[in-house]
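In the two complexes that follow, subunit A is the common piece, with subunit B as its partner first and subunit C second.
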Partner chain A sequence: MDFPTALVLNAIIAGLLLGGLYAAMSVGVSISFGMLDVVNIAHPGFIILGSYIAYIVNARLGFDPIAVGIVVSPLFFALGMALYRVYYLCFERRGQESLRGLAFFFGILFITEVALILVFGVDYRMVSAAYQDTTMRLGPVDFPMRLVVPFLVAMAMVIGVEIFLTRTFFGRAVLAVAQDSLALRLMGVDTLRVKEFAFALSIATAGMAGVLLVVIQPVQPAIGREYIGLVFAVCVLGGMGSIRGTLVGALILGLAESFTATFAGPSWAPAVSFGILLGTLAFKPSGLFGR
Partner chain B sequence: MSNRAFALVVFAAAAGIIAASRLVTNDYYFSAAYTVLQFVILATAWNILGGYAGYVNFGSAAFFAVGAYSSVFLYRWVHAPLPVMIVTGTLVAGLLGFGVGYLTLRLRGVFFAIATLALAVVLFTCVVNWDYVGGSRGAYILQPKDLPFGLKRYIHVLFGAMVLMAGVALVVARTIETSAIGRGLAAIRDDELAAECAGVPTLRLKILAASVSGALMGMAGTTFPYYLSYVEPSAAFNLSYAVNSIAMPLIGGMMSWMGPLLGALLLGTVQQVVQVTVSSEWNLLIVGVLLVAFVTLAPNGIMGWVDKWKRRRK
Partner chain C sequence: MKRFVSWFLGALSALALLGAPALAQQPLKIGFGMSLTGPLAGNGKAALIAMEIWREDVNARGGILGRKVEFTYYDDQTNPSTVPSIYNKLLDVDKVDLVVSGYGTNVIAPAMPVMMQRNMAFMGLFGLNVNSKFNYDRYFQIMPSGPDPAIGWTQGYFDTAMALNPKPTTIALVGADAEYPALALAGAREQVKKTGLKVVYDKSYPPNTVDYSPIIRAIQATNPDLVYVASYPPDSAGLIRAANEVGLKTRMFGGGMVGPQFAALKTQLGPLLNGIVNYESWAPDVSEKFPSVEPFLQKYQARAAKEGVDPLGFYLPPFAYAMMEVLEQAIKGVGSLDQAKIADYIHKNEFNTYVGKVKFGANGEWAQPRMLAVQYKGISGNDVEQWKKPGHVTVLAPAAYKTGNVAAPYHENRK
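Coming up: the complex of A and B.
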């Protein structure tokens, strides 16, 4: 059997482009789960919420979905702040975050999903944008703009978050909270405010990731839960709290899924991310770039 | 009350309920009660690992579906009778629980919870791609024509089986709770490291709790194919099983066997009523809202209120 070069090349490109989206989806979990120890299992719920906001504005007013995403990200930021306030008051302060905090976010995920179903039904929704139907060709390899544009936006967002965290004063404060929250408190820092900001940032990235998702593929409310495994797999695979690790993990996962879909059929694709997650948890829990 | 006396009371009550049900003529009530009882089992089983030992299992649906699909497999293979299906499904789900118990060796807290969720999706994908049990199209299961004990409809048989299975689940849960195993699990929940240092065989207890919990969840699923006559993966792996089996113990209270029972009876009945009077989407929304409300406002559930009230009276 001759080696299907074009097929493999296309699978690699599609996988890398998909990996960009996964990085955008997971960077928020990397902040909330990896750095703040807040197990925001509802993260995919906010991603889907972002998709639906982009869908409504796009369908009603015809604005470009990515522009919509940038405009509404302050809303997601505020939502994240409010959510963290509730979480802190009800769970973190009482030391009950493990079991009840988890159940809390699970409930939030469920509520967003069912509420979206109640309003929009279970139909798949999509957006239209000018670049969606064009495809660039380089020899045998396709570069569909539908994937390239979200990939570029995702990269900009992830790299922006990384620069913010490592180069700015406030960003370094977030890293410091991740490292040793108690020591920071003893130095007189209001760690609550830092954590609130960081959590809000993570929810804002979720909204943006949702916009990118709906540009790439049609979205319906219940697909959110399929991404729980994915975002946590990326986060764990890359190493907790490492943005660089998240990026690498996302690209690996994108490639793995793309190859499975190409060579074993798309119905096996969901098992890949969860399989990688289970494997990482069982054999190398610290991940690739773990602290 | 000793555990033997408790078992006697539970099974006497079960027999009473089954006998009294002969007076009910509307078949809808059997179907509704079947669903509520199924949730009693799921909630009680979840609580053995989640409430007693503090390990959150998001994969209840996976165990339920394993029970259901082992029945489908037996049906296609040899047309096995119902009791064989129940026992087999329970054992297979128990084996899965055994494996999950080993996961706790390396995974604590959140990582364990996410791993169980991952497990559910991996199993779901496997079942979708397994054509023998119907794959993504689902499988039809015909209810047997000849009914035992002179019953009129098959739902009566299923209801009776469900009452007995719920009794088994309650007795098992209470036996574990009041024995040394329960105290060991409570020690693990409060501080696993300290328990280990004090000589509690933590791994053995966790594996035991995970196996029993998984087996009981699987048991609840074994009669599911006959109940619907049609099984498809997204029905058997429905996320609402996972949410309900977490929400019910949390709402009822997780410290004793009574909590999940109360939570399941209450929430299960409310859901049945809402499903009939409003719609099934609203009933899921109510579960989610109640879960969030209880977990934020009444962290110890209904039993927490009862305890507080008792203490005040003393």
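Coming up: the complex of A and C.
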């Protein structure tokens, strides 16, 4: 197999750019599933909801999709809070969160899909932004802005979440809940409030990830299902509850996909990605950064 | 006793007379699965609108065999695994009189074993070469890819390519890991053998691929004269964007892309479509060749706008309507719902439909191929209205419909 320098460099850049999107899509799962033990299988549904909100505002008012994402993030945050409250009251408080909770989130995923179909129809939708059709070239390496801009926003979001969780009092409280919720309760902390906040944060990141996705490719209401496996794989590969691990895991899968597509054949990409996941779990069952 | 018998027979005759019209008025039920959700739902919903228009038209004409036509349909979710159970339910529980297919190769193929088991006449809506393995004599396909679909589907692209001067010598083949792209690529490989081209890249990709630029770069590294693509709408968009970003240099790019036929991608991609050679079933540039399509499109477009479905409807809806017309004319010709006779009638007769005259070959495919090989040109902006006017879709083949020559190479005609 031939590995020309230009192809290798482009494969690295394409892999990192793709990994950035994967990190943005997975960071919320890392919080909800990795830290809070909430198997939010509807996470991709909220990603697509974010895509559609960006689409409709972009199509009607012409606003930049990224700006729309920033503006609507508080709405997703509020939605997340409400959703967690329902989940807590109906399942977690009763100790029925494992299977029934899973069914609940499946239901939420389908409701989101059907609601989007009823409102927007089933056609593929995409946003338009000034930078989308621009490609920057540095020597032999291409930097398509359609991928670079979402990558930068994704990095800012994921690093922001990591800083928030590790450097702020409330963020540390979230990590503490993830570590030992009972001990925190015994110390008089309102763990429900902390978990509610953390879950809301995960939904807010999903909304933003959806905006980034629709900048990159067209979406239709049911496309979220295709990413369920991916977001959970990234979360497990990186190590449950580790944001740093999620970022590294996403970049590894992005690079694996890009290199496989460039040098071996794109149909091998899922096999290589999941092979990496299995290999990692075989040697380090807690994932790359898991404890 | 005689009096009782005659009274009994009289009552029976009266009941029969009363019952006869009641039976005649029972609706004629046609069942099918259709993709109303999932990746191909946009196309499925557009087809459904066309079929509903036909149902209303035929009922306004008094129905078929004096019976009003009713549809019983279910959402197959663009998921082939749902299809066999849908058709079993339609036939066993809903007791439909006739069945037709949903949209696309992926959902037609899994319905075939059920149809063969039940000996049903089966009209297919845009399935590529489905009958090649089944060889079912009651299967018919309304997509005009010709008696050898694997070849007919790709004929226009390869005829155009091999007429380039100087003749191309190398080709890259790429498509999604799915039923239709696999069959289209198989046809392209047949063409490659016939034309003596050298294949420098032949790979497929998973349907949920997000970034297509590594694929385009890998293709570019092989420096092919031609790139033949068999893709579904999201991958078509991804590949076209990636070709633009990477700056793909090749003489012809496209071929079997599903997606650019529909308004959603036409408007989203806009000028990025310039220079791409692809296929269409109808275009305003050849409207005078198919005079009955435009009146149908007016009806369709009014409905589609309300329902938020493909507002152009050039590609699939006229053929969905035509599929039902064939069935209607066959039942009327036979005078019954006998499946063997209907199939026999469809084999032996030519049908006048909104898309023109349709004659089927022995394997149920069109006797003559008529899919149009086209090149998109002069597209500016993302406005949908420009697509309703002639001038943006040059028909390259078949010769009878040709409106212009291919502009090559692709990279000089892009944008």
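In this text, the second predicted complex is superposed on the first by the 263 of 291 C-alpha atoms of A that agree within 3 Å, B and C clash if a C-alpha of one lies under 4 Å from a C-alpha of the other, contacts with A are read in each partner's own complex, and residues count from 1 in each chain.
In this text, a contact is a pair of C-beta atoms (placed from the backbone, for glycine too) under 8 Å apart; a residue touches a chain by one contact, two chains touch by 3 or more.
No experiment lies behind these values; they were computed from the predicted model shown.
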(request) In the overlay, answer first, second, both or neither for which of subunit B and subunit C A:106 touches. (result) first
(message) Just to be sure I read the superposition right, which of the two partners does A:24 touch: subunit B = first, subunit C = second, or both, or neither?
(response) neither
(message) According to the stated criteria, A:14 is in contact with first (subunit B), second (subunit C), both, or neither; which is it?
(response) second
(request) Give one of first, second, both or neither to describe whether A:216 is in contact with subunit B, with subunit C, with both, or with none. (result) second
(request) Pick one for A:117: touches subunit B only (first), subunit C only (second), both, or neither. (result) both
(request) For A:226, decide between first (touching subunit B), second (touching subunit C), both and neither. (result) both
(request) Check the residue A:252 against both partner chains and state whether it touches subunit B (first), subunit C (second), both, or neither. (result) neither
(message) Looking at A:146 after the superposition, I want to know if it touches subunit B, subunit C, both of them or none. Which is it: first, second, both, neither?
(response) second
(request) Kindly classify A:275 by the partners it touches after superposition: subunit B alone (first), subunit C alone (second), both, or neither? (result) first
(request) Share the list of subunit A residues that count as touching for subunit B in one structure and for subunit C in the other. (result) 114, 117, 226, 267, 270
(request) Provide the residue numbers of subunit A that touch subunit C in the complex, in ascending order. (result) 2, 4, 7, 10-11, 14-15, 17-18, 21, 113-114, 117, 120-126, 128, 133, 135, 142, 144, 146-147, 213, 216-218, 220-223, 226-227, 230, 257-259, 261-263, 265-267, 269-270
(message) Taking the touch rule as given, give the residues of subunit A at its contact with subunit B in the complex, in rising order.
(response) 33, 39, 41, 86, 90-91, 94, 96, 98-100, 102-104, 106-108, 110-111, 114-115, 117-118, 225-226, 228-229, 232-233, 236, 267-268, 270-271, 274-275, 277-278, 281-282, 285
(message) With touch defined as at the start, can you tell me which subunit C residues reach subunit A in the complex?
(response) 36-39, 41-42, 44-45, 77, 177, 203-211, 213-215, 217-218, 221, 233-234, 237-238, 241-242, 244-247, 259, 262-265, 268, 272, 307-310, 382
(message) Taking the touch rule as given, give the residues of subunit B at its contact with subunit A in the complex, in rising order.
(response) 50, 54, 56, 58, 103, 106-107, 109-111, 113-115, 117-119, 121-122, 124-126, 128-129, 136, 239, 243, 246-247, 250, 281-282, 284-285, 287-289, 291-292, 295-296, 299
